[in-house]
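Next come two complexes, and both contain chain A; in the first it sits with chain B, in the second with chain C.
Our next item is the complex of A and B:
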């Protein structure tokens, strides 16, 4: 039966090439537009290297602190990244997660070179050794620095292939070579594939052990609670999130007790945030509202689906009017209302899927070529342009969205015309009378 | 033995302004294996009669019994199943599905049965062979002559092995030679297979070739 529907759907396309082309184009554009919105909305949630484990991430990018002398926490708080001491107390001591990493919240712009060459502006992030376990970089050469090297403050660097090219003129054979970062000598230990700035926590062009190049590790404020660092937790499983948060809250209580003599305390909020919540953060002092964001997202999708669906429905209706005799013949030879309804919807679904694939391909190409215009991170301290590759968007979630939207668009655009056609009087249908 | 029995059939078409009596108190019995023709001037109700007999339309009042089943009790699903198993239709304008080739058109009634694809193809090929079109299975309807189209339509009507064939002016759109071929085919189905055939026609000589002719005038059976 499905084979027949397929044959007939293709046959219909061939019979009315102009109408079919317009129909497919309209559907493709509708899917293209909505998929572009899906991609823009989801780029902060989809997993891609080096943030391939986003579904298992819990982020502690910032903390909020209050002080007994500042009054009510809701009125007065200080918000920002943490000191290493705070991260060690409340994040690094957690036992439930698979791994926890500390790193500078933003990459900072440094000058890099080799002696005798021009200086190049590059982005550098300071990290611990666990960073390379939480984030999965593709090492083209060498390896990351280890825990002992970090603790010993040995000046080492992991660099991207484009950094290697701009400093050494090649990305091959640079392991063990020295380069200058902010005029300090550093040995290259690893070369990784370039990272898109859309990997907000994983992006940089140079990574060095904390405290080897700059005094960031010792920078702190508010009794050593705040600093320049963020933490990311890699859970063993998403199901562990609640347990991790429970353990986090215990650590936080203990840390707050130890802070009592200073007058400061950390305001709990609902941290650490999962990737979706973290993606909604618009200010460290504001609790993100994921439900509201989801409602807005769904509303946008509904509008983007209904508008083309209304136009496509009239086209489906006119195509069905041309097929009324066939409707009558099928009913005469034993089709029930429901079988006919199914047939029309499945046939239309085949056409919608063809158009959907075109729309999806168009949206992927468009996203790829117009990445810097459409995809932005919330806080971008660097001038690095946004780069996207297909692997970031070529994901099951995107396909599921595309199929879902095709299905909904199909039902919206042909449901009512199909229902009316299947219910029409057989004799009228055989006479070619319109619905 | 009666295979079709219509009693007290009335059919009224109503619009907001007018009421038209298409059939008035029609009674009709058709014996199993009979080949009957229905004649009458245009608009006399003969096609309405055939549509009601074929369960394509419902009477305003009256009872229909086909193969001993009272149709009044059928829901949409049962009605569709009954049409599929028991009735085959041949239309004046052939009504082939233009986007399907010959064999796919013939397979249409079998799609609504639980039959495998290979079995459907086998049965369709058999009936196409019977109507002399086994060499045209992959042709599209637009590539066939009128006579060939009607033979495909006959093949479609008999592929499900129905007991009754209802033909509404099957030669109306054909020239005399092609019309004669189609009539020969219908007679063959009646004689060799024992199928009951009810045919609406305007052609007196074709009507004379059938077992019995029923005449209609102004919605009433007159003979």
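Our next item is the complex of A and C:
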């Protein structure tokens, strides 16, 4: 039966080449744009290397503090990255998570070179050793620095292959070689695959142990609470999030007690945030509103679906009018309303799916070739160009979305006309009278 | 003729209803998008009050003991900042050098203060920019009465302040320029007496933020407050502005790195601007994509609908032609059908638009979401855009209809 529908659907397409192409164009255009929006909205949530565990992340990129001398917290607060002391007190001491890492909130631009060569500007992030457990880099050569090396401030560096090429002229055999970063000599211990700027926490071109070649670790403000660092928790499982938050709140209470003599206190702002919430952060002083973001997202989807659906519905309607005799004959020979309805919807679904595939492929091609046009991170002072590869977008979630939207579009565009056609009076249909 | 046209539209109300609903929906969404773009473009085109062409930000770093070049005796490299500014000023490529704290255009800092003259408070968010006189020359801030950056810089010292002319909004007629030379209260400072040295052309915070929302105060940076954590900005003479960032970085090792202080990065302000506005700009571009998508849908929808329509009306069109109808009259008849439906759909759309504009959903400009000029402009432009798509969409099937040979078509009948 399905085969019959398929043949009929193709036959229909061939009968009216112009209308068929308009139909397919309209559908694929809708799926194309909607999938592009899906990708733009989801690139900050989908998992890809080096942030493959995004579903298990809890972020504490910033901290908010108030002071009893500053007045009301809603009027006066200081918000920004943390000192290592704060991270140790409230994040690193957590027992429930698998791992917790501390790293500089943004990469900073450094001058790098090998002696006698021209200086090159590159992005550098300072991290602890756990960073490479939380974020999964693809090591092409060598390995990350370990805990002891970080603690004893040994000047080591993990670099990307493009950094290796711009400094050493090659990405092979550079392990153990020295390079100058901000005029300090660092030994290269690892070379990783280039990282897309879309991995906001994982992006950099050079990684070095915290506090080895720059005075960042000593930047302190407001009684040593604020600093230059962010923390990310890697949970063993998403189900542990509640337990982690409970333990975190306990630590926060303890830290607040110890801060009492300074007059400062931490404003919780519901931290730490999971990846979806973190993706909505506008400023460290504002609690992100995920529900509002979802509402806007859904409104956009609805508009992008309804407008083409009405279009297509009007065409389906016209097409069915020309097939009323066929509908009448089928009804006269005992076909039920449901059977007819099914047939029309399935036939239309085949067309929608063909168009959907075209739309999805188009959106993937667009996303890849015009990545910097569509995908932007909130903060990109080095103006690093956005890189995307298929593996970042070729994910089950994207396909589920695509199929779902095809299905909805199909129901919206042919549901009403099909329902009316299947209910029409047999005599009228046979007589070719329009519905 | 017109009566007949209406009758026909009424008779085919079912397919026309689809068209009507679609046009209604698209009208509303299109109006919203055009309105958004109108506000954004108006804000974007406001005078900026500064000039970043040929300007660069020089970022500094501090050596640690891990470096071979580290000088353990130089414990406070910050003091070299004056020496560095001096050396940069002697560079023939550089026109002006300035230092500032959270002050350069597009820096994203909201550092604020309060300002008062006599009993009149400057209300709202007053940006606090602490700078050296050179900073005025770098970004070419100008006075409201046409004072040049050089003239302003010469008056800018000690406790003299410069404010943007819009700082008091409407509280002082003509703006702050009318109180130049008077004593003013700055921030919480009750110790020093401050005088207003001049009023500036309002300075924008960012390209997509209204200039009226960000009045600013420029305060002179005290010599004792100079350190390397400040923003070092330079203006390059246009004839030297070729690969300046790399050249300066290359020269830095020999000429500009002093003690434990070194130049870590030289960034052009074009890049700083691009980064700062990228989010708004991207948002804007997405709206353009959305608009293109809707218009294309209108085109496809009308193309499809009228294709069927002309096919069904073959006989009718043939009759029209055989009774003296010209190609033009056939075309106009089909087109008017579409335009009438559009006009009908626009009526409920206006009601919805009007309510949306009052529901605080649209962009805010001048403190308003509804303004009659803006509303009419957005409404008419979106209507014209839809009508254009309609003409293209209907023209294709209409052209086909015009080619109908009355004899053949009537023979078939």
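As a convention for this text, the second predicted complex is superposed on the first by the 435 of 435 C-alpha atoms of A that agree within 3 Å, B and C clash if a C-alpha of one lies under 4 Å from a C-alpha of the other, contacts with A are read in each partner's own complex, and residues count from 1 in each chain.
Everything below uses one rule, namely that a contact is a pair of C-beta atoms (placed from the backbone, for glycine too) under 8 Å apart; a residue touches a chain by one contact, two chains touch by 3 or more.
Since the structure is predicted, the reported quantities are computational estimates derived from the model, not experimental observations.
More residues of chain A lie in touch with C than with the remaining chain of the pair chain B and chain C.
Look at A:11: by the touch rule set out above, it reaches chain B but stays clear of chain C.
In the overlay built on the shared chain, the residue A:183 is in contact with chain C alone; chain B does not reach it. Once the two complexes are overlaid on the shared chain, A:138 sits clear of chain B and of chain C alike. Shared-chain residue A:334: touches chain B; no touch with chain C. Touch criterion not met for A:299: it reaches neither chain B nor chain C.
Interface residues of chain B facing chain A in the complex, by the touch rule stated above, are 51, 54, 56-57, 76-77, 80-81, 83-85, 89, 91, 93, 95, 97-100, 104, 107-109, 111-113, 117, 156, 160.
Note for the complex: chain A touches chain C at residues 18-19, 22-23, 25-26, 29-30, 33, 36, 40, 108-111, 118-119, 121, 153, 155, 182-185, 212-215, 303-304, 306-308, 310-311, 313-315, 317-318, 321, 373-374, 376, 378-381, 383. Chain contact summary for the complex, chain A toward chain B: residues 1, 3-4, 7-8, 11-12, 14-15, 325-326, 328-337, 339, 425-427, 430.
Contacts from chain C toward chain A in the complex involve residues 14-15, 18-19, 21-22, 25-26, 29, 59, 61-64, 66-69, 249-250, 252-253, 262-265, 267, 271-272, 274-275, 278-279, 282, 285-286, 289-290, 293-294, 296-297, 300-301, 303-305, 307-308.
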